[in-house]
Amino acid sequence: MTVTAPNPAPATEVPKSSGTRLVDRVFKMRELAILVVFLVMIVITQLGNSQFLTQQGIKDLLLNATILVLVATGQSLVVITRNVDLSVGSTLGISAFAAGTYLQGGGNPVVAILLAVLVGIGFGLLNGLLVSLGQVPALVVTLGTLYIIRGIDSIWVGSRQIVASALPDGFVDFGSGGISAVPWLAMIALVVLVATAYYLKHFGSGRELYALGSNPEAARLAGIPVRKRILAAYTFCGALAGLAGALYLARFGNVDSSTGNGYELTVVSAVVVGGVVFTGGSGSVYGAALGALLLTSINSVLPALGVSSVWVLAINGILLILAIAVDRIVALRVASALKKRNARHG
Amino acid sequence: ATACGGTTKKDVSKENASAASDAKANPNAELKKGLTVGFLPKQVNNPYFTSADKGGEKALTELGSKYKEVGPSSATDTAGQVSYVNTLTQQQVDAMAVSAQDPGALCTALKQAMKNDIKVVTYDSDTKPDCRNAFVSQASAEDLGRTEVQLLAEQIGYKGEIAILSAAQTATNQNTWIDFMKDELKDPKYKDVKLVKVAYGDDDAQKSFQQTQGLLQEYPNLKGIISPTTVGIKAAAQYLSGSKYKGKVKLTGLGTPNDMRKYVKNGTVEAFELWDPAKLGELAARTAVALSSGQITGKEGETFKAGDMGEYTIGKDGVISLGKPTVFDKKNIDQFNF
Amino acid sequence: MTHPSDTGPAPVLALRDISKSFGAVRALRDVSLELFPGEVHALAGENGAGKSTLIKTLAGVHRPDAGQVLLDGEPTVFHGPADARDAGIAVIYQEPTLFPDLSIAENIFMGRQPKRALGRIDHKATHAATLALMQRLGVELDPDRPARGLSIADQQIVEIAKALSFDARVLIMDEPTAALTGSEVARLFGVVRTLREQGAAVLFISHRLEEIFRICQRVTTLRDGAWISSEPVDGMTEDDLVRRMVGRDLDELYPKQEVEAGEVALSVRRLTREGVFTDVSFDVRRGEIVGLAGLVGAGRTEVARAVFGVDRWDAGEVEVDGKALTNGAPSTAMAAGLALVPEDRRAQGLVMDMSIERNIGLTGLRTTVKAGLMDRGAERSRSLDWAVKLQVKYARIADTVSTLSGGNQQKVVLAKWLATGPKVLIVDEPTRGIDVGTKAEVHRLLSELAADGVAVLMISSDLPEILGMADRVLVMHEGRLTAEIPRSDATEESVMAAATGRAAA
Amino acid sequence: MADSSLARAVRWDTVVGALLIVVLLLSFGTVDGFGNALNLSFLIGNTLPIALIALPMTLLVVAGEIDLSVASTAGLSGAVMGALWNQGMTIETIIPICLLLGVVCGLVNGLLVTRLGLPSLAVTIGTLAAYRGIAQIVLGSDAVTDFPTQYLDFAAGRLGDTFIPYAFLPFLVLLAIAVVALHATPFGRSLFAIGASEEAARFAGIRVKRQKLVLFTVTGLMASLTGIFWALHYASARYDNATGLELSVVAAVLLGGIDFDGGKGTLGGAIAGVFLLGALQNVMSLQDVSAQSQIVVTGVLLVLSVLGPRVARQIAVARARSAPLKGRS
C-alpha cells in the first residue's frame, strides 16, 4: 500500500501553527475588545464632562464595579462547568444581613466578613449538593433556591434593616476608603480575581472545570471527579457571593430584606458580556470581570453625561446587545479570514 | 360612542361620570367593635409601612377590632397587590386600608370589594377617588413640596443649583410633590436658585447611589439635593458622607430619624422632615372603623373624632390630611425613634 | 498469590462469566475472556453483539450484573473509569470523547498533567510530550489547537495518542481504525506492535477483518451477547471468522450489479467554497454508483455538505434532474430528490434522544401528514417498514436510538434517508463501523437502488469498498478533483496516486 | 416492559397535573372562600397573563431557546397603547398596532438569535432591558387608566355569575391551537428535533432558523397580546406593567417538566404548572400564609420538580433490576 510520506512536511506545519497562534491571540483579544469598548466609553465621557475622571470619579467607578466583579467571578466558575447559579443575589442579601446583625452588636469586622463568607459557603454547598448529587438541571434548582433563600431571608429579616449608624465606624469607612483613587474593596476584588484566574490556568483541578463543562460525558470517562468539582465550583461561587454581601454592607451601610433582589440578571449579563459561554468549557474570569466593569460603568457614564435617567435602561439594553453582537461579528470575520489565509498557504 | 368607527379617549371622558355614594352619614353612630380591618401596604417588610401598620394595629386593638396585614413582597408587583385585594374581599373583612402601588390598577378589584360592602381607605398613596371611600394623606402634598424647597433654600442661602432625587418615575405622590416644589420655586425669592435636574433612583439603594454620583459629576456646582423618598435620601446621604462632597452639598427631603441619625450627627445632613408613619397608620385604621360604623361616608365636610388624635374633617375628593410634617435636626432628632 | 509461571504467562486481565443487561436487552451473557501480556487479542462480532459493552465493563464504565473481573488473577471491582485507569488499563472508546474547548495537549493529559512545584501544571512539558506522541503516530497536529473542528479521523488520532500516553499494561481499542485511512492505520499498527513487544496486552475491535489478520494473535467472537469462541488467528480464514460471527456463510461482500447508466441526475458545476474546496465539477447519472475517494481532509465531506445545502457555497451551481438547487437550503435539495447520509451519525445523522420511529420519521414530516396534522399511523408503518428492511436490531421501535449499537444506529440513518425514496443518494462513509454481514447488506441495497435508477454518490475511505462498488471513481486531493477513473482502470495504485497528488502526470 | 410503563406512569407532567387536581379538590373542601365562583374567576384572571405567555414559551423552550424579554414586550405594548390612547387614537386601531409592535419585538430577538447566532439567553436579557427602557421613554411617568369600559369589562369581567372570565374563552382557543401545533403537526415534531439536536435537525432538512424565527415572532405577538390584556385587566397602562413576569413564566414552565436543554416536555405539563402555582398562591393567601413563605413554597416546589422525577426514575430502575433476577430463578 502506498501512502503519504510519514515524515512531517514543513510546508504544512508553518501556516497551521501560526494560524492557531493567531486564533489564540484573537481569543485573548475578546477580552481586549471589551476593554477597548470600556476605555472608549470612559474617554468620551471624560471629554463630555471633565469632572468624570477626578480622583473621586475613578474611585466611584471602581467601587461600583467591585461587588459585581466578585459575584461575576464566582458565577463564571459555575458557568464554565456548564451550570449556572441564579441564587447569588439572594445569597448576597442574606449574608449581608447576617454580617450586619453580628456587627450591630459591636462585633469585629473581620469576623463579620468571615461570617458572611461562611453563610455564602453554606448556600453554595446546598446548591452544589442539589445539582451534583441530584444530577438535575442547575437552572431549575438554583431558580428554586433563589426563591427559597429569598423567602428565608425575608422571614428572618422581616421589616428590620441595618443602617450605617448601627455599624462600627471603621467598617463603614473601610467601605468607602482606600489609597488615593483605589478603594480597599477594589483591591480585595482584584486579589480574588487574579488568584482565581491563576488557579484556573495553572492547576489541574482548575483545568478540569473547563473539561467537564466542555464535555461532561468525556470528563466522567477521563476519571475526573465530576461531582466534587461541581460542588467546589458552587461552593466557591457561594463564598464570593457571601464576601460580596459583606462588602455591600460596608459600601452601602444599609441592608434590608430586599437587598440583592433581581441581582441574578445583572450577574448573568456581566458574565455573558465578558464572553463566558453558557454551554460551558470556555471563557475567562478576566472577561467576566471586564463585563462587570463595563456594565456598572454604563450606569455611571450616562448620568455623568447628563443623559436623562429615562433613557438609561434602554441604552443599557442596547449596549448589552451591541457588545455581544460586535464580539460575535468580529469572531466570525476573523474565523473566515483565517480560513482563507490557510487556504492560500495550503 | 363610536362616532368615526372607533372608541377614543374623548368618547370615554364624556362617559365617565363620578359615582358618589348615596348613603347618609350618622355622626353620632356608635363605633362598632369586633371588626376586621386588613392592611395592604405597597410592600410588606418595608420598614416604613411596618411602622405605619403597627400604628394601625395599635389603634384597632384599642378599638376592640381585629387587625391583619397582607401584601406583596415587592413594591412593583401590582398584580400581586390586586390579588391581595381579591383575597381580602374573599375573606370578607369589614374594611381595608390600602397603599396603592398604582392609581388605576387596583380600581376594578377595589370596586368589587366595595360592592361586597367592604369599606376601602387608602393611605400614603391614593387611587382614583371613585375606587375608595376615603384617602388618608400623610400631609398635604402642597405642604410637603413647599416646605422641602424652603428647608433646602435656607441651607444654601437662597443661591445655587439644586437637583431632585426621586423614586420611580411613576410614583404618584412623588410627582405631585415635585410639581409643588417647582411651583414654589417660581416665587421671586428663589430667583437665584435653579433646579437643574430630576433624577430617579427607583427606590433602589444602589441605583439611587449611582444617580447621586451622576448628579454631582454632571453638575459640579450643585449646591443641594432634595430627595423626597426615604430610600433615596438614605442612599444619597451614605454616598455624600463617604465622599469629598460631605457637608458641601446640602441634602434634605423625607427620611426617618433612625435612618438619618448618623448623617445628621456627622454633618452630612442638616435637616429633613417626615410625618410620623405610625400616626398615619393609626388615622387610617380609625377612618376605616368610622366608615364601617357609619359615622362617615367619605363625603366632603363630614367630621369624625379619631381618638387621642383629635377631630378630622374630610376634604375635597374624600381626602383626610394628617397634618404638618415634623422637621428633624441635630437638636430634636434624639427624641424620635422610628 | 497466583503465579503459575510454569504454565506460561498469566492473564493480566480476565473476565469470568460476565452478564450485563440494559432493561430487557441482555447485552452480555456469561462471557469470559483472557488478555495475556505481549498479545494482541481481537474481539469480533456483528453490530450489537456486545463488544463495546464488554469493553465498558473492563473499563469500569458499566458494572456487570453478574460475573467477575480479574486483575492479575485477583477479583477486582472497578467503581469507575478512574479505577480501571489506575490499574493500568487504557481505553479508546468507539465514539471519540474529547473536550472540544480544550487544546489537543490538554485533551491528552487531562487529569495527569506534568506538574511543577506546588502542584502547578507544567505547560511546556505537556506541550513537548504531546509533540513526541504526535511524532510517534506520524501525524502533524498542533498541540495547542483546540479539539473543536477536528475531523473525525483527527479526533480518533487524539484518542489514540491519549491512550498511548498512559504507557498502560492493557490497551483496549474499540474500532480505532473506523475513521482512518491506510497510512494512518499502518502507523497505528506499527505502534501497537511495539507496545506488544514491550509486553502490553492489547484488545482490538474492528469490522475490517483483514486488520484482525494483520496484527492479532488470538480472536474471541461474540454473537448476540454470548461467547462463541476464542482461538488463535493462525490457521483461520476470513470465512471461518465470518461464520463464527454471523452463524452462517456470508453473501458476496460487493454484490455489484451492472446497470446501464441513464441521463444525468446530479450535476455539480465549478463548485467552490473558499478555503475548503475549489472548482469541483462532476455528474452522477441515474443507475450509476460514483465513488468519491481521497485522503482524510481532502474535502469530500465538505463537497457533499455543500451539495446538499447544509453549507453554503461561494461559487458554482448544483442541478438535480436539470433543476438548479438553491444555495444553502437542504429542504429544497430534499424536495428535488436529494438525500445525504452524513458522516457523523451521532451529531448529524440522528437525534440521539429520540426514538427510532421518530428519527426515521424526521425525513417524512412532509409526507406522513393528513390535513396538516401528523398521521401517526403512517409514520409508524413507514418507520417500521424501513427498520425491518434494513434489519435494524432493536427491542421496541419506540426506544431511543442512543440505546442501539453503533452499527444499528448507522442502519437507522440509512433507513431514514432511503425512506424518502431519493433520486440522488449521497452516502458519506456509509459502512463506517458496520459489521461485514450488514456491510454486504448495505452494498446490496446500494446496488439495488442504483439498479432502480437512483444516482448514488458514495464517499468512502475504505478503498476496497470504492473499488468493489463504484462504476466510476472521482478522486479529491486538497480540495480539488484530481482524477476521474472508470471502473475498469481503477486500482488501489491509481486511486492512491491521484489522492496523494502524484497522478498529475 | 414493566419499567417502561412505570416510567411512563411517573412522568412529571402527569404528576403536576395530578397535583393540580388534588390541590383544587382539597381546597374546595377545606379552604373558606376558595370554591365560590368569584374567587375562582379571580384565580383564573390573575393567572391568565402567565398562562398566555407560557404557551409560546413552552414551544420556544422545547426548541432549545428562551425569551426573557416577554415581560418587557408586554410592558412596551401596554405603554404604547397608553401613549396612543392619550393621543386620541381609537382603541380599535391601537390594538392592532400594539400587536404588530409585539411581532417586531419578537422578530428582533429572532433575527439576532438566528442571523447572528447569538445565544438567546444573552440576547433576550439585553432586549429585556431595551424594551422596558423604550417603554419608559414612550410613556414616562404616566399611568393611563381611562380605557373604554366595554374593553375593561371584557378583560376583567366574567361570564354571568360563573367562575369563567370572558378572557378565559379565547385563551382556551389559543391553548388548543398551541397543543395541536406542538404535539400533532410536523412543525411541532421538528421543534422537538431542533431542541434535542439542532445539527441533526438541519441535516434532516428542517429549516431550523426559520422555525426559530417564527417561534420568536409568535412569542413577541403573544407577549404583546398579554400586555394589552394586562393593561385592560388592571385598567392601567404603565411602563412598568408586568415587571418580573418572565421569571414567573419560566418558573411555571419549569415546574411543568419542560426540560431547559430542549427537546422534552408537554404543553399540558406547562399549563398544569402555571395553574398549580396560581392555585397554590390563591389558597395560601386565603389561608393567610405570608408572601415570604409563599416564595419559599414556590422554591421548594421547583427543586422538587426536578428531584422528584429523578427519585422516581431511580425507584423504577431499582425495581427493574430486581425483576429479571426473579424471572431467572
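A few notes on this one:
A, B, C and D are the chain letters, set down in written order, and residue numbers restart from 1 in every chain.
Operating definition for what follows: a contact is a pair of C-beta atoms (placed from the backbone, for glycine too) under 8 Å apart; a residue touches a chain by one contact, two chains touch by 3 or more.
Keep in mind it's a predicted model, so treat the numbers as computed, not measured.
The interface with the greater number of C-beta contacts, when C-D is set against A-B, is A-B. In whole angstrom, the spacing between the mean C-alpha positions of subunit C and subunit D is 43.
The distance from the centre of subunit A to the centre of subunit B, with each centre set as the mean of the Cα atoms, comes to 39 Å.
For the pair subunit A and subunit D, the distance between mean C-alpha positions equals 30 Å. Mean C-alpha position of subunit B lies 74 Å from that of subunit C.
Contacts with at least two other chains are made by residues 44-45, 73-74, 169 of subunit B.
Touching of two or more other chains is recorded for residues 136, 140, 244, 290-292, 295 of subunit D. Across the assembly, subunit A contributes 154, 257, 310 as residues in contact with two or more other chains. According to the touch criterion at the top of this document, the contacting chain pairs are A-B, A-C, A-D, B-D, C-D. Those residues of subunit A that touch subunit B in the complex are listed here as 49, 51-52, 56-57, 60, 64, 154, 157-161, 163-165, 172-173, 175-177, 252-254, 256-259, 261, 299-300, 302-306, 309-310. Within the complex, the subunit B residues that touch subunit A are 44-47, 49-50, 73-74, 169, 197, 199-200, 205-207, 209-211, 213-218, 220, 234-235, 238, 241-245, 258-259, 261-263, 265.
Those residues of subunit D that touch subunit C in the shared complex are 1, 3-4, 180, 184-186, 188-190, 192-193, 196-197, 199-207, 263-264, 320, 324.
Against subunit B, in their complex, subunit D makes its touches with residues 32-34, 36, 38-39, 42, 46, 49, 85-86, 88-93, 136, 140-152, 156, 230, 233-236, 238-244, 281-282, 285-286, 288, 290-292, 295. Residues 1, 4-13, 15-16, 44-45, 68, 70-74, 76-80, 82-84, 86-87, 89-92, 102-108, 112, 128, 168-172, 175 of subunit B are the ones that touch subunit D when the two sit in their complex.
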